[in-house]
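In what comes next, chain A is part of two complexes: it sits with chain B in the first one and with chain C in the second one.
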Partner chain A sequence: MTTQEIKQALEKDGLGAGLSLFEGPKDPAIVVPREQLVKVARHLRDARHLAFDLLIMVTGTHMIEKRDAKGVVVREPGFELIYHVRSVKNRALLAFKVKLPIGDPTVDSVSAIWPAADWHERETFDLVGITFKGHPDLRRILLPDDWEGHPLRKDYAYPKAYRDINLEVDPPWPTP
Partner chain B sequence: MGLFERSLPDIHFLKLADAAIDWGRESSLWPMTFGIACCAIEMMAVGASKFDLDRFGAGAFRATPRQADLMIVAGTVNAKMALVVRRLYDQMPEPKYVMAMGACTVGGGPYWKHGYNVVKGIDKFVPVDVHVPGCPPRPEAIIEGIRFLQRKIRAKRVLTRGLDGTPDLAGVSVSPGTVGILDPTVRPAAPPPVPLPAGSKA
Partner chain C sequence: MADAVTTAPSSSSPARTFILPGDPLRPPDTHVDVRTQELQINMGPQHPSTHGVLRVAIWVDGEIVTRADPDIGYLHRCAEKIGESVTNIQYVPYTDRYDYLAAMNNNLGYCLAVERIAEVEVPERAQYIRTIAVELNRIASHLMAVGTYGLDVGAFTPFFYAFREREEILRILEWICGARLTYNFIRIGGVMRDAPEGWIPDILKFLDLFESRLDEFNDLLTHNHIFVQRTANVGVITLEDALAYGITGPMLRGSGLRYDLRREAPYLLYDRFEFDVPIGTGIKGQVGDCWDRYWVRILEMRESARIVRQAITQMPAGEIMAKNVRHLAFKSKPGEGYLGTENPRGELGYYLISEGQPNSYRSRIRAPSFCNLSILGKLLPGTMLADAVAIIGSTDIVLGEVDR
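Moving on to the complex of A and B:
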């Protein structure tokens, strides 16, 4: 099953509202509106002709504004979530994306559908700062609980110290 | 500043006792079983039969800091782990020694610039006796670091330190480049350059 066929199957089942196809340089993906995420995810897992029962990974990215050579904005700033799911029965791999606005990075949790999403969403919350509504235990998973900021954001400022541990470089970084 | 400073006219016997104490300390260094990252693989290799750290009396890896003399910090130390490393160091009994093993613990290593949570050198929070650079260091390099540390312990002279004019080495960190301060006969100073005869090509 290709991504195009999966998208057609979703449209046939009445879930095609707002779906679009992302044709990237490498892997195609289905772009799902964030209000539809839980509904589409549950259908992807439960429908017998789809049967995507294995969540491979959840990726969060912070996208900055991108302009082309003429200065026209070709990509608005925002967050992107990429879910990779696999169907063991149908031997298929699917990627679907959710785009989030920069001012409100919240999305519904899919950890009730795929339990593997629990720690993936905690890591995404920890490093990118996306809040998952309905997550059973949304805490930091890698960094300490009292860490400030989310390091994989593009505007993250490196900390000078953590508690009384000095994190600065000695001698300091050369300025270009 | 020794224990019996100026209380005895002749420190010869104290020197003999010193030699015994320092020999005992340097020959039974017990490291702590404590590996953080990939350097720990090399630390395990140096304790295994091929390189056999037991030849130098430092092969008895202890599973608790309370029985250990030497902490080999093997691996990247991030901010969360630094608190643990310092707690382990505080739990070790005196006299205690620290070896910074690998580029990450010496100065941040590959995380020097973009490691937002990596401590750039463990000497920012614990005193380090020996730095062993490498990524990771070969087992021979760890053995060399142990030998330098033993030389430092031998020069400590707990009873007669500072009594006969030799330098006090407490708190001095050694590395392969600074071994001369421990034993000046190891690397004698280079002779002054011979002036070239006039008219010859440089």
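Moving on to the complex of A and C:
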């Protein structure tokens, strides 16, 4: 099953509202509006012809604004969540994305649908700073609870100190 | 005391009184003040059975675990942030450090993901050398898993037998790349160096010996009555749970699903080899118990040995490195993609976003141990505290990969 076919199947089942296809230079993905996420996810898992029962990964990316050579904006700033799910029965791998605005990075949690999402969403919350509504236990997972900021954001500033530990180095950390 | 143990207490309950039955020294209507309450135990981060720096906060009621909360992050080394700031080629040695027991497989997963986006053609000989290296590393990793698992449940001797074999593999891998643990051998575009003179015959000699020594290991540990008693019917993961919690690799196959990415989504040259995908069938207990997960690893070692033999017979002569990637500032092509490979612990995936620069815009690691560990909070409640050690051991986690 290709991503295109899965999108058509979703449209046939009446969940096509707002879906679009992301066709990057490599892997395609279905872009799901964030209001639709839980509905689409539940259908992907439960519908017998789709049966995406194995959640592989959830992660988020901070997308900064990108302009081409003429200065035209080719990519708006925002957050992109990407979900990878596998269907054991159909031997398929599907990626779907949710785009979030910079000012309001919140989205519904899918951990009730795939319990595997629990830790992945906690990690995304921890490192990228996206809030998952309805998550049973949303707290930091890799960093200490009192850490400030979300390191995988592109505008993350390295802290000067943590508790009593001096973190400043000479020469200073490179900024990517 | 039977009453005190079977009555489920909660931490907020006040002191309760119990009548102790059958105590001849006490009149039958005496009330004794016995306080029962949940006790929280910290298992780790320095506990040897947690295989690294895993801390599990366990709440126990007597000997029964009522709640478990794995606490990770002690080994967090900003893997994904580093992946954004160094170039793709510089990042390969970092991948060694995540799952340090299967460093070759980690190198491979990352290199394949980069090569896929950058559209690099890898010469066939390099692919065969890669196959031999990762399958040998898989055997070494499984030997570590089964050896330390015996150690966890109290069998000390098999550990040394497992390490004797593992030592041979480390010697073979050291021969080709000069390192024993973090190899940095598989590079983007191929491998670091060609098979040295005498390397292949040495592997064959090892494999002949290894298969008979595996039987010896089975006699020592696998069918050992005490070991079976400690592991069979313990920590049963049903197939539904395994899928729901995103469990992959030997743990998923131990629950009875024949699912191996080398079969389902072949990468490298795995579609050219004949091998079986062993699954747990509940020989000693139920399908998906600790013994099944252990047994799957033992059977997989034989399959890996089979693959190495086939790879050696089929290996052609030729180049070992693609032409266009021999400099550090090698630029990838723009694109984003995910590639999953079958690590000894499960599906290791790299999700990369490239913007055509030498470094990735985003580099995310899907670590199998991270997902396999997340079921612990569901699996432990209701088991005995001593079984918690057996269950954590059977998940075969590497904390370097969990925390990244």
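Methods note: the second predicted complex is superposed on the first by the 169 of 176 C-alpha atoms of A that agree within 3 Å, B and C clash if a C-alpha of one lies under 4 Å from a C-alpha of the other, contacts with A are read in each partner's own complex, and residues count from 1 in each chain.
In this text, a contact is a pair of C-beta atoms (placed from the backbone, for glycine too) under 8 Å apart; a residue touches a chain by one contact, two chains touch by 3 or more.
Source: prediction; values computed, not measured.
By the document's definition of touching, both partners, chain B and chain C, reach A:Pro151.
In the superposition on chain A, A:Asp170 makes contact with chain B only, while chain C stays out of contact range. One of chain B and chain C touches more residues of chain A, and that partner is C. By the touch criterion defined above, A:Ala51 lies against neither chain B nor chain C after alignment on the C-alpha atoms of chain A. In the overlay built on the shared chain, the residue A:Pro159 is in contact with chain B alone; chain C does not reach it. In the superposition on chain A, A:Met1 contacts neither chain B nor chain C. In the superposition on chain A, A:Ile141 contacts chain C only, with no contact to chain B.
Residue overlap on chain A between its contacts with chain B in one complex and with chain C in the other: 143-144, 151.
Of all the residues in chain A, the ones that touch chain C in their complex are 24-27, 53-57, 59, 61, 82, 84, 88, 91, 93, 95, 114-116, 118-120, 123, 127, 140-144, 151-152, 174, 176.
For chain A in complex with chain B, the residues that touch the partner chain are 143-144, 147, 151, 156, 158-159, 162-163, 165-170, 173. Of all residues in chain B, only 79-80, 82-83, 108, 112-113, 116-121, 124-125 touch chain A in the complex they form. Those residues of chain C lying in contact with chain A across their complex are 72-73, 76, 78, 80-81, 84-85, 116-117, 243-248, 257, 259, 264-265, 333-338, 340, 347, 349, 351, 353, 359, 361-362, 364, 366, 370-371, 374, 378, 403-404.
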